Amino acid sequence: MNNIIKSLSDLGIVLPEPTKPVANYSPYVIFKNTIYVSGQIPFKDGTIAYQGKVGKDININEAVDASEICLLNTLALLNLATNNNLNRITSCIKINVFINSTDDFFEQPIVADGASNLIKKIFKDKGEHARSAVSCNSLPKNASVEIDSVFQLGD
Amino acid sequence: MNNIIKSLSDLGIVLPEPTKPVANYSPYVIFKNTIYVSGQIPFKDGTIAYQGKVGKDININEAVDASEICLLNTLALLNLATNNNLNRITSCIKINVFINSTDDFFEQPIVADGASNLIKKIFKDKGEHARSAVSCNSLPKNASVEIDSVFQLGD
Amino acid sequence: MNNIIKSLSDLGIVLPEPTKPVANYSPYVIFKNTIYVSGQIPFKDGTIAYQGKVGKDININEAVDASEICLLNTLALLNLATNNNLNRITSCIKINVFINSTDDFFEQPIVADGASNLIKKIFKDKGEHARSAVSCNSLPKNASVEIDSVFQLGD
């Protein structure tokens, strides 16, 4: 059995408060055993941690950090969805990583690994996930990264 | 039970004719109880209602309108998929909103709410949906908005 | 019954070696009867066949070719996922086509048809798929096209 709660504790990760949607949609939807999590941006302590374009305003290390924050916000929502029992999440299926970058930035995979590495550390062998990573010329609230995702929920 | 047909009538919404795909794909695919709807652009009366970049050629009110039209085209396809029985659609799972915008446009959530607000009005408590909203530097046929989506189909 | 292996043979298509992910994610994930394939770029013979922006560095015929290569790489992964028995793939559900283009390129559907036409030829009546096609201002490794996808797997 997965022990995601223990993984978080071992890694010293304290989940942030779940963020509220910035408009008229839901933070997540559960359909059968699948949780669809809405696009998360790097909200942290009430502001957006990294705003602007990767490759100009934001360097690659900051972008990796932004990607991690998106994933932490995703986990906070999964925690809410499972009534504080993240162990009910049985696997990560897919993440879609959108990176607000300059036209000549080609290291989207490194940025996306901010989230992917964290998934692997936390979910261990249940963290094998599919992924896409593409650039965008702009994101909501001038965020540098947005990640939406699909997770599997146990019965 | 959902009464989407009544909601549409109450709101005075007359669905457009379902649009044909602009290339060699299907407007929607049903797999088990899930309907995947292809990306819809704001086709209206045979032309694209809003072409160009939001933040330059298209203002935010027009972009919201474009987003609504994308959703109406989606509903027209769901109506086709259910043989004119939209009440068989049991919920909206997810919409992905792509906005053809300038680099300095950050109000993607307002544009996406054009579609989301309509979903909430029509599906009521079954309209809770997950969402992503990102910008693109160009869209097919110079459309200002494209929306693809996933809906749940009852047995 | 589908005979995808025969279709490939009839069309003279030899699948490439499955590509390895360019970062810390999985090439595909199987959840119940659905296979989620990670975003594929036009890797061919160890390099990326078409790099740069469609509409400037890459013309439309080259972009169509890039789109086909993304699909062939997808099929190579499906072949791996099914232990060399592609006939177990019962249908294509959805492809998402991301095109690294200039701001004034509007023929995303033609580019995406590179992949869609190939799906139709290979899967025949099981090749009816939903699709979205949008532009991006940049893609990993300066690829001209990226395609992620969802396929149905038989029992």
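Order of writing sets the chain letters: A, B and C. Residues in each chain are counted from 1.
Simple rule for what comes next: a contact is a pair of C-beta atoms (placed from the backbone, for glycine too) under 8 Å apart; a residue touches a chain by one contact, two chains touch by 3 or more.
Predicted model, so just to flag it, every value in this text is computed and none were measured.
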Relative orientation of copies chain A and chain C, as a Cα rotation angle in degrees, nearest 5: 120
Interface sides of chain A and chain B: same vs different residues, half threshold: different
Chain A and chain B, separation of their C-alpha mean positions in angstrom: 25
Shared-contact residues (touching 2 or more other chains) in chain A: 96, 136-137
Residues of chain C defined as touching chain A within the complex: 21-29, 31-32, 36-39, 53, 96, 98, 136-142, 146, 148
Contact footprint of chain C on chain A as seen in their complex: 33-34, 91, 93-96, 101-110, 112-113, 116-117, 120, 128-137, 150, 152
